[in-house]
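Below you will find the structure I want to go over with you.
Each chain carries a letter (A, B, C, D, E and F) given by its place in the written order, and its residues are counted from 1.
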Amino acid sequence: MSNSFELCVGPIHPALKEPIQLDFEVEGERVKNVSFKLGQVHRAIEWAGMRRNPIQILYLAERICGICNVCHPMAFSMALEKIAEIEVPKRAEYIRVINAELERIHSHILWAGVAAHELGFDSVMHYTWRVREKVLDIIEMLNGNRITKGVFMIGGVRRDVKKEHIPKIRQALQYYRDCYAKLEKIFLKDASIKARTRDIGVLSKKEALKLCAVGPTARASGVKKDIRVDFAYAAYPWLDIKPVTPEIAGLKARGDTFDRILVRLLEVKQSIDLIEQCLNDLPAGPILAEPVLQKLLVQLKGVEGESIALQEAPRGELIHYLKMAAQDSPYAWKVRAPTYANLPPLIPMLSGCEIADIPIVAASIDPCISCTNRVVQIDNDDSILSMDKLRELSVQKTNKILREVKK
Amino acid sequence: MKPAGVVNSFKKEFENNIEIHTSEHGKGKKKTVRVWITVKNKDFKKAVRHLFKLQEFPHFSVSSGTDLGKEIEIINHFVLNYGERLKAIPVSIKVKLPKRKPEMETITDLFPSAIISEQEKMEMLGITIKGIPRNRVFTDESMPSNAFPWRKDSKGVEKIARNLHEEKRGNKK
Amino acid sequence: MINEIALHSPALAIAIPLVFAFLLPLLKKWKKLAALMALIGFGAAETMAVLVFKSVLTEGIKVYVMGASSIGQTTPPFMPVPVRIILEIDAFSALMGLAGATIALLAAIYSIKFIKESHVKYYSLLLLMLAGLLGFVFTGDLFNLFVFFEVLSISSIGLIAFWLKRSEAVEAGFKYLTISAVASLFVLFAIGLLYGEHGILNIATISRDMLFYGFAFTDIIALGLLVCAFAMKCGTAPMHFWVPDAYGEAPAAVTAVLAIASLSSVYALLRIAFTVFGPLPHTEIIAYAVIIMGAISLFVGATMSLVQKDLKRLIAYAGVSQTGFILVAFGVGLVAINNVPLQAFGLRAMQGGLFHLINHAFYEALLFLVAGAIIYRAGTKDLNELGGLARQMPLTAVFFLIGAISIAGLPPSNGFASKILIYESIYFFSPLLAVIALISSVIVVVPMVKAFCSAFLGPEIKKFKSVKEVPGSMILAMLVLSIIVIFFGLFPGIMLESIVNPAVNALLNQAAYVGGVL
Amino acid sequence: MGINTLNRSLWVFHVNTGSCNGCDIEIVAALTPRYDVERFGIKLVGTPRHADVLLVTGAVTRQMKDKLLRVYEQTPDPKVVMVIGNCGATGGVFYESYNLVGPVDRLIPVDVFVPGCPPRPEAIIEGVVKAWKKLEELEAAGKRKKKRAKEAKE
Amino acid sequence: MLGMVKELLVQLFKKPATNKFPVKYAPKSITGLLEKVEKGQAKLNEPVPVPEGFRGRLSYDRKKCIMCKQCIKVCPAAALEVDEKNNRIKHFVSRCTFCAQCVDICPTKALSMTNEFLLSAYDKKQGFVEVKEQPKEKKEKAIAGEK
Amino acid sequence: MTMDFSVLLFVPVFSITAILLGLFFRGIDRKLGAKMQARIGPPIIQPFIDLKKLLMKENIVPENAIKWVFNSMPLIALSASILVLLYVPFLGFPPLLSGYGDLILVLYLLMIPALALAVGGFSSGSTYASVGAQRELVLMMSYEFAFSIVIVTIAWLVTKTAPVINAFSLVSISVVPVWGLVGVMGFIGLLLLLLALMLVMPAELGRLPADIAEAKTEIADGVFVEYSGRNLALLYLALDVRTIAFSSLVVALFFPFAFTEFVPLQGIVAVIANALFFLVKVFIVMFFGSIFVHVAVARFRVDQAARAYWGPVLLIALIGMALVMWGTVLG
C-alpha cells in the first residue's frame, strides 16, 4: 500500500448529493493535493435560455438549482426590469424579500442538517430537517409548492401574501425563534461538533479577499461582503440590515468551518428579523407592474440593452448578465452562481486537511454544484486545476520570495 | 471613493482611449451606480491593474462574453468598495476582440479565481486567453471541437443538440 | 552400528556439517553434486540432532567428551586452556539443536532454487553456520562456547554480506561484524575473569564452584559482561539496531537460520544465568535487567515494525518484539526462582517463554522464507511496490498468513498458545507488564495485516502479471514449517508435555546439569 | 423469502445525473422525521453494491452517462430503478440541450416514474408503493407461469 | 457539552413527528392491502394536507378553451401541445414543471391546477395523461388502484 | 480446553440464539434511535427482513478483489464473533467452552472480526475500502490498550484477593463478583474501569462516534463498500453478534449477578428468569454503550479517536487500575 494515493470523491459519492469530482492526493490520512473536476451537471441552461422567451426563462432559471431557487429568477427579473425600465411595485419588492428570506432560512437549515450528516451526526440532521418542514409549509402555503416557488414575474411577483397568511408566517417565525436556541446549543456548544470544526479548513481574511470569496464563506473570514447591504435592490435598502460576521457574536473571525456554521446560524436569526420587518412595513398596492402577461411579452420583445443584476443568494453573490436585442429571446445571458466564486477558496481550506475533514470542509462553503456546473469549468494542463497552481497564484508574492530563498 | 471619482480616475489615466458611461440601479435616493468602461484590447490589462490603484483588493465577479457578429465582446465585472453599506461601485470593463483573431490577456495573475471564468470563455466562445491552458471541460469529448455554444455562427452545437421530448417518441423500443 | 552412531551423535552432529563445509569447495566444478552433498550434510546433521534429542529425552543429560579424559587435564600440557571438548546436552540444548538443524535443513532445501550463484561458497558457509550453532548449544565448556560463537558469527557475516554487489548488504555485514566483535570481546574477557577466578572453564564445574564457595566480585563482572554480550547478539532493544539490517539484507534462507542463531544467544544467556550463576541472590538484578530489556524490545519492536515499508525489516522488527516476549517471560521466571509466592507463576512464565522461543524460531523462519519467495518472484520487498500477489501466489499467501497469525499471536496459532502462557503468568508479577505485552502483541498485528494486504491483496499490478508461484523445493520448505507451526498451535498441550517441560526442568535443575558432568 | 422480504427492505442508492437538486432534497426529506421512509425498511446506502433501488434524478448529462451505467451494473440483482422528477423522465424543463443524453429510460430500464418538479415526499413514497406492487405482481405472474408450466407438463 | 442529549431523551417519550402516510409499516403484501382498502376493510392514512393554491396536476376544460395557444407559448417545458385531431390542447404530465404559468396566462380559465400530486406510474406513457375534462376531486386515493 | 459431547450439541443452539438475539437487539437499537430522532423507525424485526433480503441478493465479487480472501473474511468475522459468545457466560448459563485464559482469548477473538474486516477491505481493491481498513487498524491499536488494562487488572484483583488458579477464566470471575473484593478505593477504581470499558465499546463495535472505518459520508461505507449480498449479510451479522458478545462480556465482568440471587426461584422458572435478567442487563449495557451514544454525538476523526483512546480513556483505565491495586494492597 503506497502511502500516497489518489482518492477520488465523486461524482457519485454519499457525501455529495450532487455530482462533482474532487481528486485528492492523500498521504496516510492527510490531504496533500486537491483538484476538482466539474461539469457533470452541465445542462446547457444558458444556451437553452437564449432560445426561450423571458417568462419561460424564469422557470428555467429556477431550475438551475432547486435548493435556493428564488435567487435565479429574482436576479433574472431584476436584470430584465432594468433593461425594460419596468418599475416594480413596492409591495412586490417586499414580497420578494419575504420569499428570499424564507428561502435563506430553509437553505441554511437544510445546510446545517447536511453538515451534521457529513459529521456523522444524524440525530442533528433529523432534528434540523424536522424543523425545516415548517418553513417548507409556509413556502407551500404562499406559493403552491414546497421547493420550486415559481413566484417571480418580470415586474413583480405572481402571488400575493394574503391577510390570512400573515399570522401563520408570524407563528412560524416564533417557532424558529424557539428552535434557534436549540440549534445554537447543538452547533455552537456541542463538544464533538466543535472538535470537528474549530480551526479546520481555515480561510484567512486575506485569502478570502484575494480569492474573491463571497457570501457566508467570506463573512466567516471577516470580509463584510453582502449584496443585500452594499447594493440597493428589492426592499433591502429600506430595511435594517447589517452584514453578519462572527464579530456580531462577539468572536474573532477565524475563517474556519466553525465560523461558517456560526455565520449561517446567525443569518437564520437575521432572516427571521427581516421577514418580521417586511410584514410590519408591507405596503399596500399592486404586485405586478404589468398584470396582463400577453402584453408583458409583447413589451419585452421590443427592448434592447444590457444589464447586470446582483443578488445575495444564501450562498453569496449571484450575478446575472443579460443582453436583449429586440428579440423574443435574450441575445446573451450569463449566470454566475456563488459557489463558482467559493470553489477557489476551497483549495487553501482543504489542503492539509485529513480525509475525514474533506466532507465537512467542502460542505462548509455550502457548494451548490448545480449552479456551478452550469457555468463553471475548472481546468488546467492535466485537465484539473491543481491546488498548487491556485495556491501559487493566490499567495504569489510571498511564495516568490520563499522559493527564491530556497533555490 | 464615489462613482464619479472612479470615472475621473480612469479618464485621467486613459484619456481618449476609453469610453465610460454609468447606469443607475435601485430606487429613489438609495441607488447603486454601475460604471461601464470600454477599453482597447491592448489597454485591457492596464485597466484591470488600475483597479488595484483604487483599492487593495478589488472584487472580481465574473466575465461574460457575447458574440456580436464581427466581434466578440468580453466584459469583466468587478466591484469596488465591496463591503460598505450602499457604497459598492460595480465596474464592468469591456473589450472587443476581432473574430478573426480573438485573443486577450489573462488576469489570473491578479485574480486567481478568474481562471474559471476565463477557461469557460475559451470553451464557450472559442477565444484565446494567453497565459492559461486551453481545455475542453464543460463538455466532454463527444462535443465537436469546432462547436462553441455561445457563438451565433457556430453550427456544431446545433448538430448535437437534441430535444429530449421528441427523442423518446421516435426512439421507443 | 546404530547404537554407535547414537552414542557419538553429539559429536557427529557438529562434525558432519563441519567436514562437509570444508569438503564442499573441492566439488567446485560439479555444482549439482556440491548442492547434493550439502543437502546430504544437512540431512545427516538433522538426523544426528534428532538422535541426540531422543536419547536426551529418554536417558537424561548426555555428556560427551573428546580429547582429555579429565577435566583439569590440558593436552598438550603447556596449553593454558585445556584442549578438550566436553559436550553436555540436556533437554534444552537438545531442543535448540534440533530446532536449529531442522530450520537449517529446510533453509538448505529452500536454497536449491533460491540461490542462483556461488552455490559452493553459500552452502559451505551455511554448513559452517550450522556446525557453529550446534556446537554452541551443545558444548559444556565456556571456551568452546566462545570458539563456536566465533564460528557462528564469522559464517553469519559471510552470509549476510553474501550478495556483495549490494552495498547495503556489505554495510549490514559490517554492522554485524562490529557487534559480533564487541560481543566476542566481552565474552572473551568474561571467560578470562572466570578462568582467573575458578581456574577452569567447564560450565558445570564453575557452577559447582560458585555453589560451594560463593560469589567473587569478578564473577559478577563476568556475569554482567556475558549478559551484555548475549543480549547484544540476540538483538534485544536497545541493542537491536543491527537486526533489521542484517535480517533485511541476508538472503532469506539465511535470515531464517540467522533468527535461530540469535535465539541461541538467548539460550546462552539463560544457560549462563540459570545454570552457571544459578539461584544466587544477584540473579535478581539480572532478572530485572532482562525484564526491562524485554519490555523495551516488546514495545520498540512492535512500534518500529509499524512504520516499516520493507517487508523483511518489518518482519525483523516484529521479531525483536517477540524476543522481548521471551526475555520478559524468562526474567519473571528468574525472579520467581527465589520468590516462593511467585514460583507457580514463574514456572508457567518459563514454560511460556521457552515454548515461545521454539515457536518463534519456526514462524519467524517461515515468514522470512515467504519474504524470500516474494523477492524471488517479484524482485522487490518494498511494500509500496508490491500488490495483488495472492492471485499468482496463493500458496505463498497462505503461508504468510499462517506465519503472520502466529507472530501476531492470534488464536489458534502456536504464537497464541505460548503468549497466553506468558500473559497468564506475568500479570501476577506486574499487571502493567502484562498490559504492555498484550498491547505490543496487538500492535504487531497491524504491520502484519498491513504487510499481507500490501503484498498480496489489492488490484493487480501490471509488473507482476507474469509472476508465478515459486518452485517446489521452496514450497516444500515453507509447507513443512507451516505444518510445524500449525501443529504446535493445535496441540499445545502435547508440545508442552513432551518438549517444553523437559527443557524447562532441565534449565531449572542446575544440580542435574552439574551432576551430569562430574 | 422472495419479494415479500425485498419489498420490506429496500435499500436505495441515489444517483444525481444532472438534476437541479430539487428532487434530491425531497428525497432526503423523505428520509427525515416527517416522512421517515425508514419505517418501511428503506435505507439510503453509500454504495450501489448494497442497493436494491436506484433513485435517479436528472436528465443525464454526457459526463454522467457512463457513471449511471456503471452504477446500474454495480447494483446486484434483483434491482428496481425509480426515476424521481420529470427531468429524469422526459428532460422536463431542460428538454432542449446539447449536453444531455437522457432521459434516463433511454439508458437503463426504469420501473417507476415519479412525476413532479419536484414531487412531494409523499409522491415519492407512493412511487415506492407502486414499486412494491409491481414486484409483487411480477412474482405472482412468475408463480402462475410456473404453475401453468407444471400443469402443462402433467 | 453534548448539545443533543436532552433533546434526544425527551424525544424518546414523545410522539414521533412522522406522518403515517399511507400505512405505518410496510405491509406484508401490498396487493392484499389494497384489495382490503378497496373493500373498505382497511384505511390508508392521508398525506400531509396541501394548502390552498397548491400547484398539482393540471386540469383542462375543453369547453372554455378558445385555442389561443397562449399556454403553449409560455410553457417552459413544452408540456402542452395542440392535438390537431381532436382540436384540443394535449398535456404531458411527465414533462410538466407544475409552474402554473399556463393557468395564469389562459384568458378563459380553461386551465387550472388541482390538488393531485400522487402521480407515479410504471410507464412514462401513462404519465402523458391528457388533461382531464373535469377537475377531479381528491385523487390521493389513486394509490388504491392503478387506473 | 475441555470439550465433551454435550458442548458440541449446544454450540449450534447457542450460535443460532446469538444470531437471533443480535438481530433482535439491532432492531431495538434502530427503533430506539429513530424514536429519539422523532421518527417512527423501522419495525423491530427489520434486521431479520434485511438479512433475508441480503441472502437472496446477488453476491458480487469485484474485479479487483482476491476472491478467496474477499469471500472468506465475512465468514471468519462471523465465526470469531460467535466463538466469543461461547466463551462468555450467556443467558445465565456458564460459558460453553472454557479453559485456560479465556479472557485473553476473548480479547483476541474480539479483535478478529475487526481484522477480518480490515483484510476484507484491503482485499476488495477499492481505495475507500483501503482507507477504511487502515482506519480500522489504527482504531484497534488505540482502544485495545485500555481494554487490556481492564481485563488484566480484574484478573489480578481476582487472584490477589480470592485466590483462584485460573484468574483469566470468566467462570471464576463470575463466581466471585469483583465488587465484593474491594474497599471504597477499589470500588471507585472499578467504576473507572467500567467507564473505560464502556468508552471502548463504540470503537470495538464500530459504532458512532467511532464508526470511522465505515464512515458513510466520508468514504462510502469504507470497508463494506464492495461487499454485497450474502457476504454483506455475514458482515452485518458478525457486527450484531459482536455487539451481543461484547455486552455479555461487560455483564460477565461487572454484573455477573443472577436473578436467583435476589429472588429465590427453582427449576425452569429460575433458568428463564435468569435468562431474561441477563438480557435486560445486556440491553442496559448496550443502551449506554452504544444505542444512546451513537445518536448523541458526531463522528470522530480517526486521529481524534486515537488521541481520545490513548489519552483520556487510557488515563481513566490507568487510574482505575492504580486505585484497584492500591486499594487491594492496602486493604
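Keep this in mind: a residue touches a chain if its C-beta (ideal position, glycine included) is under 8 Å from a C-beta of that chain, and two chains touch if they have at least 3 such contacts.
Not measured: the values here are computed from a predicted model.
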| item | value |
| --- | --- |
| Length of the shortest touching-chain route, chain A through to chain E | 1 |
| Residual chain groupings, excluding chain B and keeping positions | one piece |
| Of C-F and D-F, pair with higher C-beta contact tally | C-F |
| Distance-to-centre winner among chains (Cα means, whole assembly as reference) | F |
| Between chain E and chain F, centroid-to-centroid distance (C-alpha), Å | 49 |
| Interchain centroid distance [CA atoms averaged], chain A/chain B, Å | 21 |
| CA centroid of chain B to CA centroid of chain E, Å | 43 |
| Numbers and ranges of chain F residues touching at least 2 other chains | 34, 36-43, 122, 130, 216-217, 220-221, 295-297 |
| Chain B residues counted as touching two or more neighbouring chains | 138-140, 149, 157, 161, 165, 168 |
| Residues within chain D bordering two or more other chains | 8, 32-34, 36, 39-41, 45-47, 59, 63, 90-100, 103, 105, 117, 120 |
| Chain E partner contacts - residues on chain D that touch it in the complex | 4, 7-8, 33-36, 39-41, 86, 89-93, 95-96, 103, 105, 110-117, 119-120, 122-123, 125-127, 129-130, 132-134, 136-137, 140 |
| List of chain F residues in touch with chain C within their complex | 64, 66, 68-69, 100-101, 104-105, 107-109, 111-112, 115, 118-119, 122-123, 125, 130, 133, 137-138, 140-141, 144-145, 148-149, 152-153, 155-156, 159, 167-168, 321, 325 |
| Complex contact set, residues of chain E against chain A | 1-4, 7-8, 17, 50-55, 70, 73-77, 97-101, 104-105, 107, 113 |
| Contacting residues of chain B [partner chain A, same complex] | 23, 25-27, 30-32, 34, 56-57, 59-62, 64-67, 75, 77, 81-88, 90, 92, 108-109, 111-113, 115-117, 119-120, 123, 132-133, 135, 137-140, 149-150, 157, 161 |
| Contacting residues of chain F [partner chain E, same complex] | 32, 34-43, 292, 295-297 |
